[in-house]
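Here the structure is laid out as structure tokens; the discussion comes afterwards.
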Amino acid sequence: MSRTVLTRGTVVIDVDACKGCDLCIPACPPAVLVMTTTDVNRNGFRYPQLLPGCTGCRACLDVCPDFCFEVHKYDEPIEEVVDAPVDGRGRA
Amino acid sequence: MSRTVLTRGTVVIDVDACKGCDLCIPACPPAVLVMTTTDVNRNGFRYPQLLPGCTGCRACLDVCPDFCFEVHKYDEPIEEVVDAPVDGRGRA
Amino acid sequence: MISGERELMLTGIGGQGVQLAAEVIARAATAEGKHVTYFGVYSGVMRGGNTDATVVVSDDPIEAPALVSHTWSAIAMHHEFWEPLRAKVRSDGVVFLNSTVFEVDPALPDTVRVVEVPATERAAQLDNLMVASMVMVGAYATTTGLVGVEACIQAMRECIPPYRAQHLPANEEAILAGAEMRAALT
Amino acid sequence: MISGERELMLTGIGGQGVQLAAEVIARAATAEGKHVTYFGVYSGVMRGGNTDATVVVSDDPIEAPALVSHTWSAIAMHHEFWEPLRAKVRSDGVVFLNSTVFEVDPALPDTVRVVEVPATERAAQLDNLMVASMVMVGAYATTTGLVGVEACIQAMRECIPPYRAQHLPANEEAILAGAEMRAALT
Amino acid sequence: MSERRLMEGSEALAEACIAAGCRFFAGYPMTPFTELLEHMARRLPEEGGVCVNAESEIEAIGMAWGALATGVRAATGSTGQGLSLMQESLAEITLARLPLVVFNMARGGSDYFQATRGGGHGDYRHIVLAPMDINEGVELTQLAFHLADKWRNPVLVYGDYLLSHTYEAVDVSPLDFGDGRPAKDWAVDGRRDPRAKLVTMLGFNKHGEESPGMAQGMERHFQAAVEHTAAMERGEPALVDVGFCDDADVVVVAFGTLAKFVRYVVRQLRADGHRVGYVRPITLWPFPSEAVAAATKGARAVAVLENSGGQMIDDVRLAVLGRAPVEFIGGISTDSSGFGVGDLLDTEVVRARIEAVLASVVASEGAPA
Amino acid sequence: MSERRLMEGSEALAEACIAAGCRFFAGYPMTPFTELLEHMARRLPEEGGVCVNAESEIEAIGMAWGALATGVRAATGSTGQGLSLMQESLAEITLARLPLVVFNMARGGSDYFQATRGGGHGDYRHIVLAPMDINEGVELTQLAFHLADKWRNPVLVYGDYLLSHTYEAVDVSPLDFGDGRPAKDWAVDGRRDPRAKLVTMLGFNKHGEESPGMAQGMERHFQAAVEHTAAMERGEPALVDVGFCDDADVVVVAFGTLAKFVRYVVRQLRADGHRVGYVRPITLWPFPSEAVAAATKGARAVAVLENSGGQMIDDVRLAVLGRAPVEFIGGISTDSSGFGVGDLLDTEVVRARIEAVLASVVASEGAPA
Amino acid sequence: MTDHPGTHLVAPLKPELFLTTEHHLCPGCGEPVATRIVTEVLCELAQQRSAVCVLGIGCYTAFARMLDIDTVQALHGRAPSVATGVKRMLPDVSVFTLQGDGDMVNEGLQEVLHTAARGENVTAILLNNGVFGETGGHMTATSVIGQRTKTSLDGRDAEYHGHPIRIADLVARLDGAGYVARGSVHSAGAVAKTKKMIRAAFECQVERRGFSLVEVLTMCPTGWFVPTADGPDYMEQTLGQIHVMGELKVARAGR
Amino acid sequence: MTDHPGTHLVAPLKPELFLTTEHHLCPGCGEPVATRIVTEVLCELAQQRSAVCVLGIGCYTAFARMLDIDTVQALHGRAPSVATGVKRMLPDVSVFTLQGDGDMVNEGLQEVLHTAARGENVTAILLNNGVFGETGGHMTATSVIGQRTKTSLDGRDAEYHGHPIRIADLVARLDGAGYVARGSVHSAGAVAKTKKMIRAAFECQVERRGFSLVEVLTMCPTGWFVPTADGPDYMEQTLGQIHVMGELKVARAGR
């Protein structure tokens, strides 16, 4: 069950700076951040990964205590096709 | 120009404890306390003297910082004749 | 019966459960009738900073101070503050590394026995990264025999404060998991 | 011209103006070219408690500490703390008593000259009890000649802080009154 | 109650307070004092006492002051830094003759001067007890309450990070120091029975009389405090642990947890045939001057090991008075936080420093001094 | 500016501060420090400076801390009791290397230990200057600002009630101590020019480098502080006033205003043919140990006169090291308030005490030591 | 003090809870007046044998000798903490502090606020004269704008010296405070009203409704540099305008 | 940090006024978040070269190394007085404190209140997490009733431990305070609102309208003993109920 999403922005994630606190996950309005499940970074923490659909709103950056995000906006939105029916927070 | 006043109470004044602050003078509702003019106590302070007409209201005691007053009430008011036309604060 | 004093030094970063591991082993040994001293560096220290601990276990009363110059065994939950500990490991010692995150060469002489325990990985499988140090405790107990696994589980129960009681099952599971991992190897 | 050091000690109860009197005399003497030290015990001391002062006046620089063992002259505004001062008065000294309130026997040897000044009474006549110490200053200056009356009036003007300027005339009047009282006697 | 339990040092000290009858505590967190406060906060209510999480160190000692004035046994504490904040109170509570027990769980570096000279103003002294380990800490804590009551004077228990954060099995049953507890007829209870009381540092009472150690008027009162200090110094034997000094060429002086390392190393060195001894002052004030003088009588060098720039060395020099060279072999040692333990707390390091002194004495050679 | 004016001691000290370029002051009233504060509150605004009526002593030193961090000359003060409250700050501001000048206008009794040992925690020292009278006070106050800047270390000026409340004619023109004012490139101004600065007592900087006296990490930082103390002790000559000691049987040691009495009395005694001398330490830290040792070399007795239970006597003993008996001839002396001057401040009393020592030396008789 | 025939005693020279009434405070000082009514309230509430006074440091420290009440002398500013320690150990005794504005609002501001926030069942009596009286009349944290003191010679200037703190208003905002009021002793009527406030404060304590504070404005002619007789008027026109009298908080039982 | 073609940078990894972003604070801590927005406001107001930070003692002390701003480290509780000294000597520079609840409402309560009453033109930023985080999670003067801490193991009990202080409410009552608000960092929306408050506070300072305070509620999962992910909810349901967010005082120019 794939669908098309509009991606307006993107984030660079400094994975090794992440302490796995999870705060960015609920903060992301389109819910396009998802934590790794078993993968850990060099300090042994899970970290977020970006799904398509980022709006470049910087909410993740605003709540992250560890300065893990750099936020960019696309000058023109791009379309991406995703096959997951659920978002990063498991919402259908 | 004498007149008759009703005296309902009286005060004992510990003259030597007095520091001449004057606070009791305006506090006395019937204005029956008057400071000496040249007479001073053992510490060199002027002190109050009682005229007839005390009501025993204890206002003087209530404001005196130096515990100079003992207040009594007469069981029956007594009448006294005074010849001064003015009271302790010089009011006619 | 152990001969003389047996030392264990632990190192890691704040939050990895190093002090809990040390206290569990110290309490377990005490429960088993040993004389024990345990010294920990914790709290009031910058979060995520250095945390280390020293446990000394002996059959006889311990005369020495609680801080030792050399250690018979070591547990490293992380490599960040490993260096000062490294130098203290006796040539006949045994060292447990949390291989999931221990990234550098431990730089130990060949005579030292090195046991790699993927404790954080195992904890992640148990869905609770916080219990990695209990995996290590299970592995340490099984491998060295200095304390029993059962005694460790019992001691862990005493160490966890009431307001964290919800973590008891996960910690127990982790100790057993560590013990199994090593038992499987030996 | 005075020979050697001339001391003045003053005593009274807080609020009697003892420090002001001392400072006036010290400033007056300084203005007249003398070397002076003045030490006062005041403020931070319980209200209405002891207050005393020591003034030393000399034509030459003063080597001695500002506190002296003996005094050539004394002013007692009240008898309450008179005793310790009494013992320090030199046998050829001169003592000024505020006779309105000084109630005890000053107990001085006959060789000491005692000058009774009803300073508080005179101040009451001036309708300002607070200026009694200035009456004393006038009397002291006139009697001893250590400082001039005019210099005292000038010094008093320097001593009174601006926010108390309204008291200047009364104080001046008092110094003059004291001077007159003594002049009348001598 | 007399079984041994594995306990953190700070828990053991807390239990010792309770065993001594302490029923009021107030404190403010500061590493490595924090755990003592935590244990008191947990345990005192269980014992019918009160522990207040004071909002600051100064308020903590103020609360203890109030509790003490009612006659109960009470304590407070902090690190040396927190005690710096309490200096006004520590000086004046001594003049108020209140039997405070105060803990200094010192950070890296030493607060010996602060503890023994009184960091505050004027003349006063606290009895200072410096345990070398948990078991001794339990004993000295209980002794502290006893001495505070005995002398109506504050007693300071001097610990540190190592003492606070070490676990050992320990017995915390109440100890009996004899002579019971002195009656506190000076304490307030609001009853005026038979008459009103006044607890003050200002040197007078309500009825114009002198009471023991409470003269009328500040000068007499200060003087009485000086005399009281002298009486304590004369009357309270300084506790000291002396070992192997009889024929020692080198005597090492150290106190507190560091002294345990010294004692251990000196025993090792003796076993290896070196003529070395140690003196471990247990009471830092009154300082065991006579014991130090006696122990160093035949020494060719006296070495002082402190975790500081050198503070106790003054007292050692005052005891030795030039009869032997007094050398400082300590230094600052702490961890990166400044609270914890540094490299000096290591038997090998301590041994090396003592060996260096031994070597220099041998090098200077010749007949015994 | 160079004419002499009759001034109260505290006014003279205030004028000396201003002459030295002090532009910030904060304080809290306390007898006999109060008048210094009053004069600063009146005078500083006239000079374009700021005097804050701080709400407490601790806030006062905090404000001075902030002002100092911007590079201006700033001061605070109190009595020894108020300084007790400041002990945390006084210890830590030293580690922050801020050039504070702090006045102790001591109450009755002495705060010598507090001043010279540092009443706070850890290892640190303040340079301590103790004038005997107003004229010297004016000079030493200005020197205090100079030394504070020179060493980046607090300097304490030790006065008392007598100094504060005596009037004398005095000249308060600015003094020049040479070498100008050191640049304060460590001071903050908000400009990050060329880069951001950090003023801290915690031993690091923003850029990971070591700056003079500012090591990285607490242990190194504490150690650096100890070394800095040693450098001051070596580098700053202790000021001392020695008189008549060459052939003296008895040497009297005293400091501050009391020493003026001693000096006066010793001159009298010399005039009367007695072999007595005096040593007056002007810097209490660094203590003039060598001068004391030299001056007492031939003495048969050393007498220490302090208005206290005996504090400086430790330093005298450490200097004399047993070569002559050191006797305490002081004691507590104050007035009824505890702030002021007592009977000891009397040349006849001082003379009697010194004569008693002379007599006992003569009684013990015989050949010179 | 015995009555003459035909008369009866209204009030004696020496109040019941005073050992002596002699003191060295200045002429016209308001502090003895305020203190006397505190003792009268204790008598009215029958707390004569169940009260402890904790004194601050200021001119009122002189009352340590005078009061016939168990007393603990605190350091400057520290009375509320000391009172906390006393009360925790003697929960059934009426514990009160007697402090000045310098003591309570300067040196010890956080003591009183923390103690109030903790809801300690103690009563604080503040003698607010807007100056450090004892040291000679310097500006405190309650001195009003324009007030001339020895450290604000041209009058307190808001820009340079800052604004006064209305302490009772602050305390009233704290959940631990059960009763807060501000009275005065500048007239006999004010004395009577203030006495009622003090009574309400002690009742609050007895009923364990939390911390209580009565701020009493007291004359300090010495510190204000005014003639004693002008003290009451000066107070009304200056301090009284900013520190307005009245009850600020009356919490019901079981707050 | 350079932009790719077709994209533009919204915000870089490292904010302008940070020298480094690496720190040892716990996972899920709210303090770095609050501090970052302070630096962003300074940039927005062009105060990058005209600012001095005065730090208290708590976990945030770690920012001393990280901030690219002239910094003075104060002792625990003393930052407002230190800031006063700095500001009086550098009246044209934006001076702000960064303090925790332990620092500001416990150890230094009277410092902040006196500084606010004096109307010092400085800005205080309070990071309120209701615990002493640094020492391991003990009760502070802002911990709310029922809050479990290491020194209130069964939850803060009003009777035994007393009530929390709502510090911003107190400061707002002082005449010297020009701007007072309470924000939070528990969500992106809260962060944005809080940033506006911080901006208003610094504007108040620049316009010399007196003391300004922004209290920021920050998560401390370590001190609260909750999983990091639960921090924001826990905050809203506990601290946030008592320390209610919003602007408490906005004084106009020329107060």
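Here the chain labels run A, B, C, D, E, F, G and H in written order, and each chain numbers its own residues starting at 1.
The criterion applied here is as follows: contacts are C-beta pairs under 8 Å (C-beta built on N, C-alpha and C of every residue); 3 or more make two chains touch, one makes a residue touch a chain.
Predicted, not measured: the structure shown is a model, and the values here were computed from it.
Here the chain-to-chain distance from chain B to chain F, counted in touching steps, is 2.
Work out the mean CA point of chain A and of chain D, and you get 88 Å between them. Centre-to-centre separation between chain C and chain G, using Cα means, comes to 60 Å. Mean C-alpha position of chain F lies 40 Å from that of chain H. Chain C and chain E have Cα centroids lying 34 Å from one another. Counting partner chains per residue, chain H shows two or more touched chains at residues 23, 25-27, 29, 106, 109-110, 114, 118, 135-136, 141, 153, 161.
Shown for chain C are the residues in touch with two or more other chains, namely 43-44, 46, 48-49.
Shown for chain F are the residues that touch two or more other chains, namely 30-31, 34, 55-56, 58, 88, 92, 202, 335-337. Contact between chains, as defined at the top, is found for A-C, A-H, B-D, B-G, C-E, C-H, D-F, D-G, E-F, E-G, E-H, F-G, F-H, G-H.
On the chain G side of its complex with chain B, the touching residues are 1, 3-4, 6-15, 18, 21-23, 25-33, 36-37, 185, 187-188, 191-192, 221, 228-229, 231-232.
Across the complex, chain D meets chain B through its residues 13, 16, 48, 78, 98, 100-101, 103, 120-121, 124-125, 129, 132.
In the complex of the two chains, the chain F residues touching chain H come out as 23-24, 26, 50, 52, 54-56, 58-70, 72, 74, 88-89, 92, 96, 188-193, 195-202, 204, 206-207.
Within the complex formed with chain D, the residues of chain B that make contact are 19-20, 37-38, 40, 42-46. If you check the complex, the residues on chain D that touch chain G are 14-15, 43-44, 46-49, 161-164.
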